[in-house]
């Protein structure tokens, strides 16, 4: 099938619970190890302007972000608001459209090339069009995030929906469960593992799109602060903002992983028993 | 006047991608199933048994001939019918607990909540799975999963239950248990079962009548009545001379039709088989 | 199973025709919307105008140089990313402990969005070719790395043990068994990265320049006040380039790894 690639398998398999628990300690020590390495290397390099030490970066991160509720309200809140609005928009539109396309071979073939083309467009290229259509306000930024983040959701939904086990759908038909239950209780749950793989990818793209949309024509947001810091050569603030963006990405990812673990508990179990 | 529950008349089927000159998969199949009957269809592998069953269930459309259920031609999936597929792992839904798997078909029948609950519980009790209600299918053994599939069909209360090689994927001991369970369920609900299998022993053991199919292009080679007394028993029934004789008869019919398909049987012999009908 | 899930016969011609019809309908819709002035033609020019301009710039040496600039950065970035990610992935994928430690380090680095590095790289390295390349490398390392690790961990232990029983040493096993078994996964990683890298290259050019490239060309030609068709023509070329690269990579995948898909049943 041309529409969806093997994009679903971009992460290594999920380790078991015992490994995970043992992993918490390991996780911490890895984190500490990375920090110590950073500190040592930058101290040796001794170029505090370009390569600030870990302690300096975290200190600045603490001062300008973590300990400053004002910065949360001024920059973080609008950024996260747009990010979530755009991402949820991408999820809703992507799953709805993907289901429609995935259920019909004709639709799949007809719009497949168009989707491939649209997905290959670098989103910033559409910025001028979005600005003319939607102005430079939040609507434009949300639309940018949505446009960038929708493709993995859409493609993985198409892939998941079109590869539902035929016997599952036939079982539904034999028991005459109706179109709505067939969609919500057979097709979508069966496609859910692939859809979630798409959600994960689209979430990290959404963070990227948030930053991009805020680098141009904005007065607030984390991306705006980042560009401001660069333009005024405040290197330490650039580093601190990158740390913040990393934390945002990490936390959002962890939240999605928790939801996924809950929703797809059956899938993990089923895969385990199969192997 | 009353119709037989299921009538299959001169049914033929040619796969959509086969060219028109090739011999069809199913050539000329006719048989009837009455209310309350337990009929087995047995045939060599590749004889189109599953295709035949799918046509009856409205999942496939015969190229020619007609199927009537309760006197009405089957065009779409009829509501009076349920199927138990061979491949339980692909027919049960791994994202639903056992209870929800059984409940899914009942959701649209307009039943009061209490009756729905009761149907689920009795059906699962009948197949001996009351304790597995809140487990997921993949937490059960193969035989237990097939029991869930049977419970789902039973709770639906179909007029006719189609079973497509239902026990072909489980081990011998489990298969014997499931055969007895299938007969018990049939008896308890006074229902009608059409049971497809490639296992001659199984067909003779469970059914009132065995329909023997030929190798493709498939026709009905013979119908063999099975007058063995019920309740049947895995050891006693299978050891009885009647059972052994019937089993031999069915086996001979299948083997002869196979030879016939390869061209090794004389016309006289073929006529003899046809006379058996 | 007899005839349960009868696979549909694959007819590439029919699906390609449908694809063409779909694209034609979309173009006609854009054309109609702009001709009827439901959309301001200054915002979105008619499809015919965009396509004519696309044809024209494809003959323009200056534009072709820009395409070359983007592709050069793309190729260098991909090579470096693969040269880093594959050995690292092989290393991390072959031992359980290093795998655990590494996945956790990766877990912390991976969420940093690539574009967040743009200001940092500008500050550290300026806006030359290496600016683009660094970003491309950062973004395309991850899929290759993950897929390599995944592929290494997927190697059938029995195949490895058989090889050991026949007296192959560790290096030979790695080279002849593990890498060969993991190669389809590595290729998938490279294919995914190839698309991401191209998008990122042009995006970086659009946001911050970085030497000759499609993105810088688009910026230059819209700032110069020339008709907006140039911007859209640039978008069309970027999109088609992305599609073409993906098609080529998929075709290569089918050719190189037919054995893998046969074994796996063309699996996800």
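The chains carry the letters A, B and C, assigned in the order they are written, with residues numbered from 1 in each.
The definition used in the following text is that a residue touches a chain if its C-beta (ideal position, glycine included) is under 8 Å from a C-beta of that chain, and two chains touch if they have at least 3 such contacts.
These figures come from a predicted structure and were not determined experimentally.
Among the remaining chains, those touching subunit B as well as subunit C are A. By C-beta contact pairs, the most connected chain pair is A-C. Rounded to whole angstrom, the centroid-to-centroid distance between subunit B and subunit C, based on C-alpha atoms, equals 51 Å. Look at where the CA atoms of subunit A average out and do the same for subunit B: the two points lie 49 Å apart. If each chain is reduced to the centroid of its CA atoms, subunit A and subunit C end up 17 Å from each other. Along subunit A, residues 167 each make contact with two or more other chains.
Touching of two or more other chains is recorded for residues 85, 87 of subunit B.
Listed for subunit C are residues 4, each touching two or more other chains. The touching residues of subunit C, when paired with subunit A in their complex, are 4-5, 8, 14-16, 18-23, 25-26, 40, 43-44, 99-101, 103-105, 107-120, 122-124, 142-143, 146-147, 149-150, 153, 185, 188-189, 191-192, 195, 198-200, 202-203, 206-207, 215, 218, 222, 228, 231, 234-235, 238-243, 246, 250, 268. Residues of subunit A that touch subunit C in their complex: 2, 5-13, 15, 19, 23, 26-27, 30-31, 34, 50, 105-106, 109-114, 116-129, 132-133, 159, 163, 166-167, 194, 204, 207-208, 211-212, 215-216, 226-227, 229-230, 233, 235, 238-239, 241-242, 245-250, 252-253. By the touch criterion given at the top, residues 165, 167-168, 170-178, 181, 185-186, 189-190, 192, 266-267, 269-270, 273-274 of subunit A touch subunit B in their complex.
Listed in rising order, the residues of subunit B touching subunit A in the complex are 57, 59, 77, 79, 81-83, 85, 87, 90-91, 93-96, 104-105, 107-108, 136, 138-139, 152, 156.
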